[in-house]
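Listed below are the structures to be examined.
What follows is a pair of complexes built around chain A, which joins chain B in one and chain C in the other.
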Partner chain A sequence: MVSGLLLLALRAAPFPIPHSPFPPQDTTRGKAVYVKWCAGCHGDKGAGDGPAASRMLPRPRDFTGAIYKVRTTASGQLPTDQDVLRSIDEGLPGTAMPAWKDRLSERERRDVLAYLKTFSAFFQDTSQHIVPLTFSKEPGGATSAVALKVGRQFYDSIGCWKCHGKAGRGDGPSAPTLKTDPGEPIFAADLHESWRFRGGAGTADIYRRLRTGLDGTPMPSFSDLIDQKFLTDEQLWRVAQYVRSLSPQRAPEVRDVIHAPRLPGGLPRSPDDSAWARVERYWFPLVGQVIRKPRWFAPAVAGVWVQAVHTADSLALRLEWDDRSESPDTPWLEFERRVLDHVTSDDSVPAPADLWPDGIAVQFPRSIPAGMERPYFLMGTATDPVYQWRWTSMPRQAVAGLARGLSRFDVLGGGSAPGAGARFADGQWRLVLTRALATADTANELQFEAGRAIPVAFFAWDGSNGEHDTRMAVSAWYFLALDQPTPPRVYLSPVVAMAVTLGLGMLVAVRAQRRAGAGGDGGGRSRA
Partner chain B sequence: MRKFGSLAAVVAAVLVVALAAWTRQPAGNAQGGATVTGKVKFTGAKPTNPPIDMTEEPKCKAKYTTTPTRETVVVNPNGTLANVFVYVKSGLPASAKYETPKTAVLIDQDGCHYRPHVLGIMVGQTLEIKNSDGILHNIKAKGVKNRPFNISQPTTMTSTRTFSAPEVMVPLECNVHGWMQAYLGVLPHPFYAITGADGSFTIKGLPPGTYTIEAWHEKYATQTATVTIAGTESKTQDFTFAAK
Partner chain C sequence: MRLPAGVRRYAEHPFWQAVTILVVAYVVIVFVIPLLPGSALVPKSVVLQYMATVLVGVLIYVSDNEGRWHRFQDPIRAMLVERRLKLVRGGVLVAVTLLVGCFTLGQVRTTVSAPPNLRSIHPAPPADITFRGKAMTLTGLENPLRHEADSLAAHLALGKRVYYENCLPCHGDHLDGQGHYATAFNPLPANFQDNGTIAQLTESFVFWRIAKGGPGLPREGAPWNSAMPVWEDFLSEREIWSVILFLYDQTGWKPRTWETESGKGETGKEKGDG
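Entry: the complex of A and B
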């Protein structure tokens, strides 16, 4: 009866309830959605402690504290409904949280939002004012040299580099000490991978994170600085524009085939060789090895950039990957300890923190397959091994060998190791691996041939993240294609064709002129 | 009957005034009321605080002649423990309201240390967060009952914040300098004290009643004592923390 009257009263109201832009949310239906889709990670009581949580870094959100990273409100304030919906809709890139907008209906998403707000008393506290900050519009000139220079200047002066590093790869001096509020290790964002930014890759997204901070993490709000006129709002926008400029314009597209052009001259064996600047780069994402025990759910290397070239007799690959530490690196040992403490291990005795080196592996089949059949991508099997180049930072060397599954790697002897040149700078490894296209050991070593699709896969280890052996990041199979040298006829044919066309054309013209001349004499008589 | 009624009114008025008088009593300004005082003793082997490597921050490093250390356990020369937050945990009338002091509580970031290391504040009272170092600090308050905050201070500046709910303690930390930690006790009343260089504390202006007094230490957790006050006396209540 009462609710009926209330309903009537609401219907009679000339305007909808002002602060709620959504239709009424149903926490009962929200709970059903939550239990089905969310509780596995976020836990039955919303404490971020579902069955899958202990293997995740970053951990799933604990809703009981109502502390949210991605908001439009000031640091410490509750998020708006739209803020939380945005994270549900878009997910949090670079974490296990997927985007739900294509998996759940709008109603389901709003109901689940209503339900997860019931996990914290803060949302019932009417003294909490949820007011989005006022954000200005982005000033123009985003990519101009002046704007980026101002942005860089403030990037330095407001201390971004302390955590994010001088070049922005999350390798600043404070980076190894960073923790979330509950004490989990957390990486300072690698600013060269904007497609993994939790709150979005756009300049406006970055600006908002600077204004609001990422609550629950070490990332503070910089709004007080504007209030106190240490820097202007425009200058903070310049910081955002500078940060945006560090990443590619678009998230890198994953392409299946690495094209290795043929170079006329020598092979660029140094990672700093200027020849690499003219070679196409390919991005390959890496994920944790979660198939064979001990599995690894928290890989630090998100992907690898690959370039390839070849000459008449040799091949060079340049691999570039972001890694916050030149392992083994003592300042990161405490960080590694926290990682191992927080990621549930498959081992009966958890692996102790140790000074592991960094590493990368490039994997090929032993021979180019005739059909689509390829060896097992996860380092082959005992009966069908794969040919690999493995490079480590300590000792600083590359070896070639046969992997027969994850647990066995037989190094090939007799000068089979690929050439290797590596540099570490500002949170990034750059490594060039080289080898002759053809070798004597044709049984074990892949013989590279131009014009063929050569399967290739990548593996990476960040030693300072506790990665070694099967605790690693892996890719799927891709292909390497050595572009065939352009045969001379490719260049000759158009010239010949043009000459023939020109010659025939002239012939026709000459004959026509001749005929015109004859016509003047003979009054159009035909010879034929 | 009327006479009795007016007498009752007078008595009630006197009671209300008296109640108002003692409830508005800020600490340290005891006009009447009782005093609880005592020392926080420390027994056992004095632990060594880990040294701090400030190589990354020459400006802070320059402020020290000897290697700076953490302040986890500060044992005074007289064998007492500093940085213990002693406060009235319960026993005050539920209806009592205490005026929020107009003066602010100051925490300074000086030499890449928080000064003071332990501090108290009333609900609604202003906390002034000062950066005397002029290098990047962020200050993060990790309250559970209070909303957290995390603000950046890359220069010499002062920010202010308030706290809305009682909470013992709100940890404060800097993420640029992982060793920088402080603890803030937020209370709805002014009956608290922090032990200093002589390990003593004094809580003044308490009305008669039976109180639970708690002593909080960041490493050795808490100890409680019950103190009953009849008039305006001064009572002694010592605490002892043992090395772990």
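Entry: the complex of A and C
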């Protein structure tokens, strides 16, 4: 299909594609590509108002204003062709904008770029000279303690923390007030999730955003602070290096199975227990619940980090997820109202903003399935319920119960609630949930067993984002495995195999040597 | 192209040729193949099979004439007997022993992995369904909007709107099943650009899958684990037929017709890895 389009594009082009960086662009052909692939979000007239737009935050780009976030030009300037092409090619991570590099031919991407520039009069003014800023090379020592300390120091002194927060999770004191130029609510980026940065996750990408700012958003350019000698270019690089150091080296890989090692001692029941530092973390992405009414298209929790351990008789899960507010949180009420105003709802009357709590749910089947079949992942059904732990920030407690679909949750009584320890700090919840592996209510409560693949799923609510009930973030089924300690006899067969191999090898060598000695010149055949 | 004598001695020696072929084959299978468009990482068991095939081929080549076979053995024999190669000999012995140890440990140590996710790709559709209380016969049913040639453009526009308002998060801008929500679901959303989805199906089948979603899949062939919503709760009959028009128009596929269907007998039910 794509190659077909490419072929078509080549055939239709009356001239060979030149190698110059700016080949002639065809706005007529560009329009055809735009109408087919871009207008659904960006709108027929390029105003960022296609049918998909009202269910997206951030909104699709409005090309009529020619204001672009990701540029290499100075703040307030038009982007270069390369800048816009980069966003088309690579997409904008963390948004609905995909990378078109492998989906449209180069010709089509260039043509569509030429066409979308026609939406704004600013690009028609050819007297304007669009020049990228000159960027210096990254200074060495990116990960050294000194570099990061300098970076942290300027992160504070140039005021990054005001929006991005003390720890960089987008929870600064100004964060609830942030709006784009057209008045849409916008989150300050969570600097611990660099794989969602719109302009790329590299240190050089971050440095460029610091130099150019994100036009149309409250994120300013810091180039003038260098001009004013408030800080040096190198020190701005250090800020970029510090910001980069907050996220994992690479985007977390989603793995199917959470391995819970067996601990010899007691369970770490506190969310800050140092024992958790030695346990593997697993990342699970969460997306909006868009399956049952009312759907939710703008979830605030991008995913959850999960760790698990067990002892002879109990299990502990630690869940960590970034959340900009300890809901219910009055300063965020206005932000929540803007979110609800901007995202189309399935309800005829938009839900009013309210002080909802934060929450998370961990879901298991009622018993470990024998085959491949699991209950319906979206909180079970009336006839095949699922066993869930639900924790809320207000009241701060966890309960266990049976979910029978999205609309019904029956709390189990009689001391069935899991143990819960939660802490909120710097834009992040940390929650430890514990339970005995075996319980008395075997009909309703999952009985955990070591060495089995136990289905598990996660759901999250950010109250300050207007999330409650079906307005939530969801995951698919994954698995939890309580690993058994490897019994010593397992090590027996490798040792035997190694001894046999070594013995045979030595035998072969000795025989070959003996034969070589006997044959004089070693001309006899030996085993290869 | 002439190689320096030192290099040529190795390049023409059957033992080093064999080693080179094995190394190149491994690099190609493990690193080059995944880079080719449309291919994925080669699973470990398949790598093992390929490498075994290459090894057999190499052994046939080196043993195919007596002289070459002897020359092939020379370095091995030298390694085994020569006094000056004592260190190499020891190293090879230890390395082989350790390899065997690691391999055996990997074989006997049990770790819990996700159960295999075998599933049917296209379930057998029912002959009749009830759509919002109205009985519909799927067998022989065609998209009624295709007969309204005058208003086809309007239906397509409606279909496009329905798609972007509802289907986009999972099935994506390019209809390739790679929307920004896609990676959170397993199995992944259907890729309409692929020649194995709507290109193989009648429009009535597509209507049934949209209307009834994951929860409407038949008991046989389970588990499905599909996150596909039940769209009859959201969309009218006309909206569903419109979005189907859009899917075919946007991807360029032609729906399977009932004539080809009856010619081929029953609907194709395929088993595949999710």
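What we mean here is this: the second predicted complex is superposed on the first by the 468 of 528 C-alpha atoms of A that agree within 3 Å, B and C clash if a C-alpha of one lies under 4 Å from a C-alpha of the other, contacts with A are read in each partner's own complex, and residues count from 1 in each chain.
Criterion: a residue touches a chain if its C-beta (ideal position, glycine included) is under 8 Å from a C-beta of that chain, and two chains touch if they have at least 3 such contacts.
Since the structure is predicted, the reported quantities are computational estimates derived from the model, not experimental observations.
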Mind working out whether A:128 is in touch with chain B, chain C, both or neither, as first, second, both or neither?
first
Dominant contact partner of chain A by residue count, chain C or chain B
C
Taking the superposition as given, does A:51 touch the first partner, chain B, the second, chain C, both, or neither?
second
On the A-aligned overlay, A:65 touches which partner chain: chain B = first, chain C = second, or both, or neither?
first
For A:158 in the superposed arrangement: first (chain B), second (chain C), both or neither?
first
Look at A:224 in the shared chain and tell me whether it touches chain B only, chain C only, both, or neither; answer first, second, both or neither.
first
Mind working out whether A:174 is in touch with chain B, chain C, both or neither, as first, second, both or neither?
first
Which positions of chain C touch chain A when the two form their complex?
72-73, 76-77, 80-81, 89, 92-93, 96-98, 100-102, 104-105, 108-118, 160-161, 163-165, 168-170, 172-174, 176, 178-181, 183-186, 193, 214-215, 222-223, 225, 227, 229, 233-234, 250-252
Where on chain A does chain B make contact in their complex?
65, 67, 75-78, 122, 127-128, 157-159, 162-163, 173-174, 177-179, 181, 213, 215-225, 228, 230
Looking at the complex, which residues from chain A come into contact with chain C?
1-2, 4, 36-37, 40-41, 50-52, 55, 95-96, 98, 100, 103, 254, 256-257, 259, 285-288, 290-293, 297, 346, 371-374, 376-378, 381, 451-453, 474-479, 481, 483, 486, 490-491, 493-495, 497-498, 501-502, 505-506, 508-509, 512-513, 516, 522, 525-526, 528
Quick one: in the complex, what on chain B touches chain A?
56, 135-136, 138-142, 144, 147-155, 157, 159, 164, 175-178
